[in-house]
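Every chain is named by a letter (A, B, C and D) in the order it is written, and numbering of its residues begins at 1.
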Amino acid sequence: MCAEALDAVVRGLYGEFSAFRGTGKVADYIPALAEVDPGHFGVVVHTLPGHVTACGDADVLFSIQSISKLFTFTMAFAGRGESIWKRVGKEPSGTAFNSLYQLEAEAGIPRNPFINAGAMVISDMLLADYPDPMAELLAFLHRLTGDESIGYDQHVYQSELEYGMRNASLAYLMKSFGNVQNPVDEVLRFYFKQCSIRMSCRQLAQATQFLANQGMNPLTGRAILTPSQTKRTNALLLTTGLYNEAGDFAFRVGIPAKSGVGGGIAGIIPGQLSVVTWAPGLNTIGNSQLGIDFLEEFTTRTGLSIF
Amino acid sequence: MCAEALDAVVRGLYGEFSAFRGTGKVADYIPALAEVDPGHFGVVVHTLPGHVTACGDADVLFSIQSISKLFTFTMAFAGRGESIWKRVGKEPSGTAFNSLYQLEAEAGIPRNPFINAGAMVISDMLLADYPDPMAELLAFLHRLTGDESIGYDQHVYQSELEYGMRNASLAYLMKSFGNVQNPVDEVLRFYFKQCSIRMSCRQLAQATQFLANQGMNPLTGRAILTPSQTKRTNALLLTTGLYNEAGDFAFRVGIPAKSGVGGGIAGIIPGQLSVVTWAPGLNTIGNSQLGIDFLEEFTTRTGLSIF
Amino acid sequence: MCAEALDAVVRGLYGEFSAFRGTGKVADYIPALAEVDPGHFGVVVHTLPGHVTACGDADVLFSIQSISKLFTFTMAFAGRGESIWKRVGKEPSGTAFNSLYQLEAEAGIPRNPFINAGAMVISDMLLADYPDPMAELLAFLHRLTGDESIGYDQHVYQSELEYGMRNASLAYLMKSFGNVQNPVDEVLRFYFKQCSIRMSCRQLAQATQFLANQGMNPLTGRAILTPSQTKRTNALLLTTGLYNEAGDFAFRVGIPAKSGVGGGIAGIIPGQLSVVTWAPGLNTIGNSQLGIDFLEEFTTRTGLSIF
Amino acid sequence: MCAEALDAVVRGLYGEFSAFRGTGKVADYIPALAEVDPGHFGVVVHTLPGHVTACGDADVLFSIQSISKLFTFTMAFAGRGESIWKRVGKEPSGTAFNSLYQLEAEAGIPRNPFINAGAMVISDMLLADYPDPMAELLAFLHRLTGDESIGYDQHVYQSELEYGMRNASLAYLMKSFGNVQNPVDEVLRFYFKQCSIRMSCRQLAQATQFLANQGMNPLTGRAILTPSQTKRTNALLLTTGLYNEAGDFAFRVGIPAKSGVGGGIAGIIPGQLSVVTWAPGLNTIGNSQLGIDFLEEFTTRTGLSIF
C-alpha cells in the first residue's frame, strides 16, 4: 500500500472513530490517572520508509504505564540474552494481570515479562546491570526517539508509590522465592518511575520502529536487538502483550502490541510500520477500548496483519 | 525463496535432525498410542504454488489426535460464524491442557477451541448441526485432501473410550453448566473418533493448505473460510495451538500451528506454505520434541516466520 | 440437666423459633426438592437414657440427602478400619462442597468423607464390600431405628440422576486418578439412592444414638463402632460435617453434626444426647438456616456443648 | 481421674515417648530456629485444681511462634467482641498455612485468626487499640502466668524480620484490599516480636488455664473472656489451630490446641486441664511430630477427649 493510500485510510478511520471518543472507563486505581480527560484520542502510523501519519492528540504526552515494559524488556534482553528466561517465562498469563496465584504456584517465576511481576524481575535485573537504571532507560528512549525531553511524571510516580501495595505484595512474594535480588523498595521505585514515563503517540511510534525494522534503530543505524531477537520479541508481544486479552486481540487485530492502563497501545507490523493509539477509556480488562476497535478496523481495511 | 532452495534447506535439515530420532517420550496414556515406534520421523513442506518436499516417513499414517481440533473448529466456525464465541473463548489456557480448574472458575466456558474441553463444545455444536457429524468430518477431510481413504483407527478409538475418564469429567462439568447440550456419551464418542483419525504428513500438509491460502481449498477452488476468518483462525492457532507451550513455540518458531499427542505438528506460514512434522517422542508438555526443534531451525534458516 | 428441665427448654425454644419458619431458601437444584413446603419445622432431642422430646414436624419424612453420608461412612469405617484413609482425607474442604479444584490438585483424593466426592469414594468401597450395598444400608438403618419402613424416594432419586452432572464429573475425575474402582454409573446410582432416603427427625435421632453412646446401638446392645472410632467420627463431624461452614458452626453451636440440603441437621453431644432439626430453608452455604439458629440457642441455653 | 493416677499416666507416657526424641525436622526457614537442639522434649499437664505434672524440659524456654496467635486473638476478641469477624473468618484454611491463594480469592479476608495472615490482621487491630501493643501483650502474659520474666528473643526477631518476605507479601496484599490499616512495617514488626516470645511448657500451661476454666484466670480470679467466648475460642482452636492438619489432629487427639513451628503445642480439655508439649522436630505440615504422637496417646489412655 502506497504512503498516500495508507494516509487516507488512517485519516478516514480516525474521523469515523472520533465519534466514539470517551468510550470505556479511565483508569482510577491511582488518583493521578483518574484526572485524565477521557475525550483524548490520538493515532500515529509510522512506516519503515519514515512516512508519518499523525491524527488528533498525536503530540499530547500521556502516561505510558505498561508500555514501558517493552523498553525495559528490550534493555534486559539485549544485555543478557537468553539467560533472562531462567527468571521469567514466555507464556500467556491466563489470569488477571496482577494475579498472585500463578506466581505462587510457579515458585516466584512470573509468566512473562509483560505482566507486572515479570516487569519487576526485569527491573531487578537492570538494577544489577546499571548504576542508574532509570537514567539508562531514559537515555535509551532518547536515542530511540532523538528527543531528549522524555521524562517521567513526579505526580503519577508519587501516586503509584502510595497505592502500590499490590505490586509490593508481588515483589515480596518473588523475593521470598529468591527471584528478586535487590531490596524491594528499590525495585518498586524503579518500576513505578518506568510506569510514570510520559510520551506522545508520535514519540512512541518512533521509539518502536526498531521492532518493525529487524532490530535496527533507523535514527542511528545501530542494532538494538538482533533480527532473531526482534522476531522473538514480536512473537512474545503477540502472545502476551495485552494481558488477559492477548488471544482476543490477536484474533481481532492480529499484530504484536503492548498496551498500558494510561490508554496507549503500541503495535508493530514487522517489516512495515509501527502504529500507536491513545484513548484513555479502558475496557473491563484494562486495555484502551477505542484503541482496540480502531486497530481492528485498521488491520482489516489495510489487510496489514501478520496472518 | 525459490522452490529448489527451499527443497534443499528442508532436506538438509531433515538429514541433520534425523540423528535425534527417538528424542522424547511416546504418549502412553492409552495403550494403543504407546505401541508406536518412537523412531518415526516425517516432514512435508507444501508451498502455495503446490510444490511438495517430503522427507522420511512422510506417507506413514499416524494418529492425528488434537490436530483434528483444527478441522472440527473450521467446520463450526464456517457454519456458525462468530456466534460460537458465546460458548468457547479465544484466550490461551495458561494451565495444563486438560485442567478442570479454569473450566470450573469460568462457569463451563472453555478457554479456547484447541484444548480438550473446547473441542468437546465444538463437537457438541457439530452434533447439533449434522445428522452424522463424523461422516461429515471425514467428507471434509476427503475434500481438503482429494483422498477418500482417510478414516479413523478403531483400536485407538476403543482405547480412548476406555481411558477417557478425564474427558468424561470435563464433559459432565460443562453439561452441569449447560454448555453441553447433547448426551455426554454421544459427545465423547464423536470426540474420541476425531482424535483417532489417521493421516500422513503429506495428507495433513494438503489438508491445511486453505489456511495458508486465505481460506480457499486449492484443490477445488472453493472457499472453506473467508479471508478474515482465515486470518483469525491463524491468530488463534498462534496463541493457543500448542497447549501450555504456545508462548514458547511462538517465541522460538513464530508460526501458527496445531500439535497432537500422536507426535504430529501442522504449521502454517500464511501466503506461503504449510509444513507438517511427525515424530512421536513428546516433551514434558506433550508436544513433539523433535518436531519443535526442527521447526525452530526451519523458520530460522529460511527466515519464513510471520514476525 | 434433668429430663423435665431439658424438655421444657426444648419446647420453649421450639415455640420461639417457630416464628421464623420459612427462613432461607429451599434447595432447588433438583425439581423434586424444590416442591417441599418451606414452612416445615421439626425438632427431636433424644437423651441417652432414652428420653425423647419431639416438637412440630418431628414425624414427617424428609429427604435426608447428605446426612446419609454419616451412615455410609460408618459402614465403611466399621468394615475396613483405618485403611479407608488411603483413599479419602480427614481435613476440612475449605471450598464449596462440590468443588473440583482441590480434588484435581490432590490427585483424586477427596478432602473428607462428608463432601460429595468423599461419599462417592465411600460408596465405591461399599460396592466392593457388599453384593447389594443399598439393601445393606437400609438394613443398617432398620437395625439402628428398629423401624423397617425406612426406604428411599424414587421421585427424588430419578431427579438426582437426571441433574447429577456435576457429581458425574467428580466421579469420572476420581476414576481418572484410579480412586473409583467400580463403573461410574453404579457408583452414582448407589450414591443418589442414599441421598434420596426419607426419614423423620425422630428416626434420625434414634439412628444417631450410637454416636452419643460410645458406638453402641442402645436398641440392640451391639457395638456399631468401637469407643475410639466413635470419638474419632465425632471429631470428624465437628471439623467437616457442615461443608464450608464447619468452622462457623463449631464456633456458634459447638457440637459434632451432619447437615443435608433437604434441611435436616443431625447433631451429637457425646455421652448425653442426639438432636435433630428439620427446616427446609437453607442459608447461602446450603445448610438449614433455622436449624443452625435453633441449635446455637439450644447449646447456649442448656450449656450442653463439648467445649 | 484422680491427680495421682493422671500423674502416673503422664510420667509413664513421657518415658515411653522419650525414646523417640529427635523425630521430625527442626524448622529451618530462619537460621535462629535451625540452631535448636532437636533432642529437647518437655511436657506439662496442669489440671484445673492446680495440680501440675512436669516432665523433661518443662522449664526450658523456647520460641512459642504461632502459639502467640492464641494470646493476641484473645486480646482482640476480649476487647472488640464479635466485630472482629468482619475482618477475619472462622473457617479452616484448607491450604498451606501461609498461602496467598485464598487470601486473594477472598478479597484480603484471612480464613481465620490462627493462620499468619489472620494473626497479622489481629495485630493490626491491636496496633489501633493500644499505644504499645507489644508491652500490652507481655503484660497480659505476665498476668496469666504470674511471671514477669517473659519476653521475646531479639535474635529470633531479627531473623524473622530478615526472612519475613512472604509475610510481607501477605500483609501488602491485605493492605491492597484495605484490611491492614497501619503501615505494613509496623504490623510486621509487632507480628514478628510476638512470634519471638520465649516461654516454657510450664509457663504456657499456666497461661492457657483460662481456656479450660470458662475464661477466668485462676491466678487472679478475673475473667479474660466470658464463658461463651471461651467455648467459642476452644471451638475455633479445634477447627483451625493446627494449620492444614486440624482435621487429622481433631480425629487423632480430639482437643482444642494451638501449635507453633518452634515445636510447641498447647492443648485444652475444657473444664479439666491444659496440656503443653515441646519437641522441636516437625512433621511435613509444620507441627511437632512427637508432640502430636504423645497427645494422641495421652487422650486415648486417659479417655480425656472432648468427644
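Definition applied: a contact is a pair of C-beta atoms (placed from the backbone, for glycine too) under 8 Å apart; a residue touches a chain by one contact, two chains touch by 3 or more.
Just so we're clear, the structure is a prediction, and the values are computed from it rather than from any experiment.
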item	value
Chain C against chain B, contact positions shared by both copies (same if over half, else different)	same
Centre-of-Cα separation between chain D and chain B, whole angstrom	56
Centre-to-centre distance between chain D and chain A (centres being mean Cα positions), rounded to whole Å	48
Chain C, residues touching no fewer than two other chains	none
Which chain pairs touch, all of them	A-B, A-D, B-C, C-D
Sites on chain D touched by chain C in the complex	89-95, 102, 111-112, 228, 230-232, 234-236, 238-240, 244-248, 250-252, 254, 256, 270, 300, 305-307
Contact set on chain B toward chain C in their complex	99-101, 104-105, 165-166, 168-173, 175-176, 184
